[in-house]
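Each in structure tokens, the structures are laid out below.
Two complexes, one shared chain (chain A), two partners (chain B, chain C).
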Partner chain A sequence: MELLNMHPLIVIVLTPIAALLAGLFFMGVTRKFTARIHWRYGPPITQPLIDIMRMFSQRPVSHGTMFHGGVILSLAGALAVLLFIPFGNIPPLSGSGGLLVILYLLLVAPLGLALSSGEGANPNASIGISRKLMLSLGYEVPLLLILLTLMTRYGTLSIYDIVHAQQETQWALVTVPLFISGIAYILILPAVLGIRPFEVVQAAQEISSGPLVEYSGPYLGLVHLEHGLTLVINIALFVNLFMGGAQNILLFFVKMIIILLAGLSINAVFPRLRTDQAVSWLWRWPALLALTGLITVMIWR
Partner chain B sequence: MNPQIIVLTALTGAVLSWLSGYIYSRLRDILAGMTSVILVLMISLSHGYSCSFSIGTFMGFPLVMQMNSLSWIFALTISAVTLCAVIFSYSYMHGKENNGLYYFMLLLVNTAMLGIVFSGDFLTLFIFWEIMSWATFLLISLKKGKALEAGMKYIIMSVFGSMAMLGGILYIYSLHHTLVFSKLSAFAGTYQPGSTAAILILFFIGFGIKHAVIPFHSWLPPAHSEAVSPFSSILSGILIKMGTYGFVVIIYIVIGLKTFLLFAGFRYILHVLAAMTIIVPTFIALRQDDAKRLLAWSTVAQAGYIMAGIVFSTGLSVLGGLFHFVNHAAFKALLFLAVGAVEYRTNGVRDLNRLGGLIKRMPLTFSAVLIGVCGLIGVPLFNGFVSKWMLYKSLIMGGSPLLAFAALIGTWGTVLYSYKLIHNMFLGQLPREYKDVEKAPLSMRIPMVLLALPVVLFGIMPGIVLRWLNSVIVSLGFKSIKITLWGIASSTGSVHMIYIAAAVLGGVIVALLLLSLGKKPIRIAQEDTYAAGAAIPEDKYNFTVDFYSPISKTIAPFCKDIIDTFYTKTAAGIVKVCSMIRKVYTGYVGTYVMYIIFFLAALVIVQLAWSF
Partner chain C sequence: MDRNQLIKWLKTPAKMSHKYSLHAVYFCTGCGIIEVPPSITARWDAERFGVVPAATPRQANLFLITGYVSVKTLKAIIRTYEQMPSPKYSVGFGSCPINGGMYWDSYNTIKHLDKYIPIDGWIAGCMPRPEAIFVAVTHLWTLIDKDMADGYKRYEKHYSAFRANQEQVLGPLPWPPLFSSRETE
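The block that comes next holds the complex of A and B.
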């Protein structure tokens, strides 16, 4: 509980470091857990950290200013989002703009990567980016409906207020009109996290990891860090919006791990969908559920 | 500064530069540029000036010119965008025929638009409106051929809109025997539901056609893509926003906020139209292959955002709508100019399937498109973000989540077509034929920089414009909204760009620090890419054609422009009927004599039948 009394500046410094480490830890868990499901031994959980250290010791190649700047912008975008999300008892550092700002800041990271990888003339990168954008349009349809449902239900744009309202009553996931949206969110979560069956963007066997194909050395390290952060952010969003956040940071972390492991169980056993299949599926069932949820909430009032 | 002096200056400048073109063509260009600069200066100096003058009568009707906070902000945007377009035209139009007519019409359109926003009564407004419409027609069809077709489509729809507007003006006159805004606003709130509906519908058609609201949008895509690029930027940036100005005048000055709020059914229809105007064109845009046509469809969609803000009629939404108008003028004019620069350097190529990899060839143009696109999407720290945030917030808190969904999903569609635009022009592989493309000339780079500045500046310090607009919405009858330099500080939710800027800046610093830990990169060429040992053949694998093919098929059935097909078929039907009637005129005297005899015979028969 002493975390509550910390100076905001210390929190500003600690949050990104903790989140970066958590991201690396999640990536380690991903590899180990998936290996165990596959009846392999798997690498140690610290493997991603070791990989990053190795990447930083290697000499990279660069295609130019946009290539260089885009990677930096991408990580910066992901780091900036962190400051607007509550983690357990650590409140967001700024109430500015609420959920809409988070939604928009989430755009910066993929956009930076897209512009960066586009500067190299590798067609695999272009294909990967076009897939990423299509997939995100696919899951944004239900996701936006779900977020609008929450904002309408709780009458606020602020994520902090939504978490607070749930802590006073119960999780949105088990509240009567909202559980419909909760189910829709669970259905699209693999797509948001970019794991199978929606792993169309970094399809290693088809398009050489897509957008990542041109990165090497520290650049690849930054992209990996960004990937870990995106995992943390998206899982944290779900925990905050539908599982009532948490009273303290430890409980919050446990909730995040549970969501991650559930996602990984799906990831480990499913094949990959084609992009068009993925998008049409996302636009059909989750979107319908989310729309039902929104209309129910609109009538409920 | 008196509004009539400003309009007169604009007109004099237009005529002078036209005449001087006969003496020396460079003199004409310089005079046109000077006129635009003087206008920008005159208008910016008259900030805060409010007045109304009677400038004479026309057929017994008084003609009034006025200036207030609303017309000032529109006039400033108009003159600024026109200035950029004129400078851009120096190289773009160099050596083309009909240049004299081009500059004259460009400045005349500018004069007419200034006249519209400075009008103090409907008659003056209508006169300038018609001047604007006809001058625009000539400019759109400047290139002949396809452009003439586009121009015809535009002028036919425009005339239709003008007729509706004239009907509305006559109706208002029959009610109150005056057309002066200041006198009409005294009657606001006294209208019967029937007459309100009549006025709203007539003016909605009149202004809606210029504003390209669905179902009146179909003139816009061909007109914007076929016009010369500097004029496309004027068309998209400001000319269609004359419709926005009209909406504000008719809803909040003539009808009045209170009466409009009572009209729930009509407002609901307007909301649905706005939502459709946002969503459908967005998805049509992402299937376009012509860069300017893509931007044209995007304009239709963005105009939908502005309209949604205006007709939602809460203080924040109108503020957001007007702010989006200013922002859209900046980033869309910028995008059209940048596409025009690429078109200029590649000898007229706008086809996104044939371009690519130009980032190293035209770095400044790339930056311009990047900034424009960020504004268009509304990436935080660019101007579009703030205005869109205000719209979303007012829609969500105003209890219209479905309309908010339309606006939000429109934005995610915008990400897709924006990236397609920037990728297919500047990223990916460079086709061999563009290996020696030069960077844009100076007279093209200056306006691009001028327009890129406000996109970034208003994104970080939106308070500059919002303070001006706040006084506008107060004059329209809304409560004042608390504005700071960095954003909005209202109690129900605030946005402070300074925090977001600090967060992103902090992120950049951390990323830079991390990167400095690693080894320095080796610079390699664009084409030097990884292909798992198999070299990628140069010029062969440029991934641009059908960029979003997997979803293209899914959305294709929903992206048919049914309304345009309907108009085209109706027009074809009318032509068919008319050409059948035309067959009556055979050209032989004998046939005509026969018609006369038949006619006389018919008269005799009628006469006989009558007498019975």
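The block that comes next holds the complex of A and C.
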């Protein structure tokens, strides 16, 4: 089954709903898997759903219009990126220029969070946002080099074409000049997902969960949903760019779960790096590897 | 067990979610806080019950007052309780919030916490074991089911009485009344 014969409007409506549910499932798997690594039982896999239902049925405390608006902007930005990423054989929204659009839209979600948590007027929120932006400065440099490498190698800006090229030949992760960039991407993947050792943004013990410090009730529910969605988007981006997407959505889901469990195994046993340690590491080894990959691909042509 | 009652869930999903997702404010009062880290780590796992420490009071709905309450701490407890979004549940932990406990004749501790903050349940002991915390959580589930855990409603209804008690101990409070003219928090 090459393409699902669905009207594009149905795809646009169903994909965000399915991705939100998948995000909740991933968060549940996170808590259960981490608990099992700690030799305890942990909550049921539906626990994030129960948490979000509880949060939406609480009476919130609001801090103004920008507070509402920023949270909605953040969730809307995450949902917009979702529509440009192919999931299995479900086609994305536009054909060409996909990678650049994704790169720009990935910035809208943290921007919304920064706007609304700044409105909360809590110093912990400002510290958290500055850490978040510094961390994204850290991983954006190797990420841009990796994406440039991929665009040069496959000669296209469209993520759909990259996925199809890999499905015809083999995964980019095992191709000879691209495996260097693949290893660099695996090294920055915990930073992109916001898990340890790069969990500096939401350090619950240090800065009272950073940007989330003033969110209560429904706002916190929306931010949790957006966190699940960020997991889905970033893992799906990696699977599409380096593991060849998949022919159908179930195989795509299996690949995403494998990457998630690998990331969680690292998350459960590592401590948190400081912001300056994280940025200096991200600008050293993954950036060097990504630069090597880019130079190799440009010479190889 | 309690969790398999699907019909009840479908009728009132909000109540089910309030039961099974109790995020506790990590407010460390007095001696009782020494019993909380063992109950949230691997040996006595509180995350099975949905009880997880929350980073700030705005993200929490369970308030455990663990241990004796001095007059200074009472001010912080009142501010923390008022920041939590409702519906919220507060539990007095140990014998000191119940009747003064070991500090029954001290000049600086609060003997009956229920006069200043509405308490939904008490856990007796000095200190209660982690298993007692879990028994208390299951009792709180039963109370929530029967709509008897209404501390937050009592606070709103009798706010002037609570505030009079608070001002008797702390003097004039520097923050305005929370429920003055029927507007939202």
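Heads up, the rule we're going with is that the second predicted complex is superposed on the first by the 297 of 301 C-alpha atoms of A that agree within 3 Å, B and C clash if a C-alpha of one lies under 4 Å from a C-alpha of the other, contacts with A are read in each partner's own complex, and residues count from 1 in each chain.
One rule holds for everything that comes next: a contact is a pair of C-beta atoms (placed from the backbone, for glycine too) under 8 Å apart; a residue touches a chain by one contact, two chains touch by 3 or more.
Bear in mind the structure is a predicted one, so any value in this text is a computation, not a measurement.
The superposition on chain A brings chain B alongside chain C with room for both.
Look at A:L288: by the touch rule set out above, it reaches neither chain B nor chain C.
Contacts of A:R54 after superposition on the shared chain: chain C is touched, whereas chain B is not. By the touch criterion stated above, A:I10 is placed in contact with neither chain B nor chain C. Comparing chain B with chain C, more residues of chain A are touched by B.
In the superposition on chain A, A:V174 makes contact with neither chain B nor chain C. Shared-chain residue A:A78: touches chain B; no touch with chain C. Shared-chain residue A:V213: touches chain B and chain C both.
In the superposition on chain A, contact of A:R40 is made with chain C only, not with chain B. Seen from the CA centre of chain A, the centres of chain B and chain C span an angle of about 110°, rounded to a multiple of 10.
In the superposition on chain A, A:A262 makes contact with neither chain B nor chain C. Between chain B and chain C, the smallest C-alpha to C-alpha distance in the superposed model amounts to 5 Å.
In the superposition on chain A, the residues of chain A contacting both chain B and chain C are 57-61, 208, 213-214, 217.
Against chain C, the residues of chain A that register as touching in their complex are 31, 35, 38-43, 47, 50-51, 53-54, 57-61, 204-205, 208-209, 212-217, 220.
Note for the complex: chain B touches chain A at residues 357, 359-360, 366, 370, 377-380, 385, 389, 392-393, 396-397, 399, 401-402, 404-405, 408-409, 412-413, 415-416, 419, 422-423, 426-430, 487, 493-496, 499-500, 503-508, 510-512, 514-515, 517-532, 536, 541-544, 547-548, 550-551, 553-554. Partner chain A is touched in their complex by these residues of chain C: 13-14, 16-18, 20-21, 23, 41-43, 45, 47-48, 50, 55-56, 58-59, 61, 83-87, 184-185.
Residue ranges on chain A touching chain B, taken from their complex, read 12, 16, 55-64, 66, 68, 71-73, 75-80, 83-84, 93-98, 100-101, 103-105, 107-108, 111, 114-115, 118-124, 126-127, 129-131, 133-134, 136-138, 140-141, 144-145, 148-149, 151-152, 155-158, 208, 213-214, 217-219, 221-222, 225, 274-276, 279-280, 283, 294, 298.
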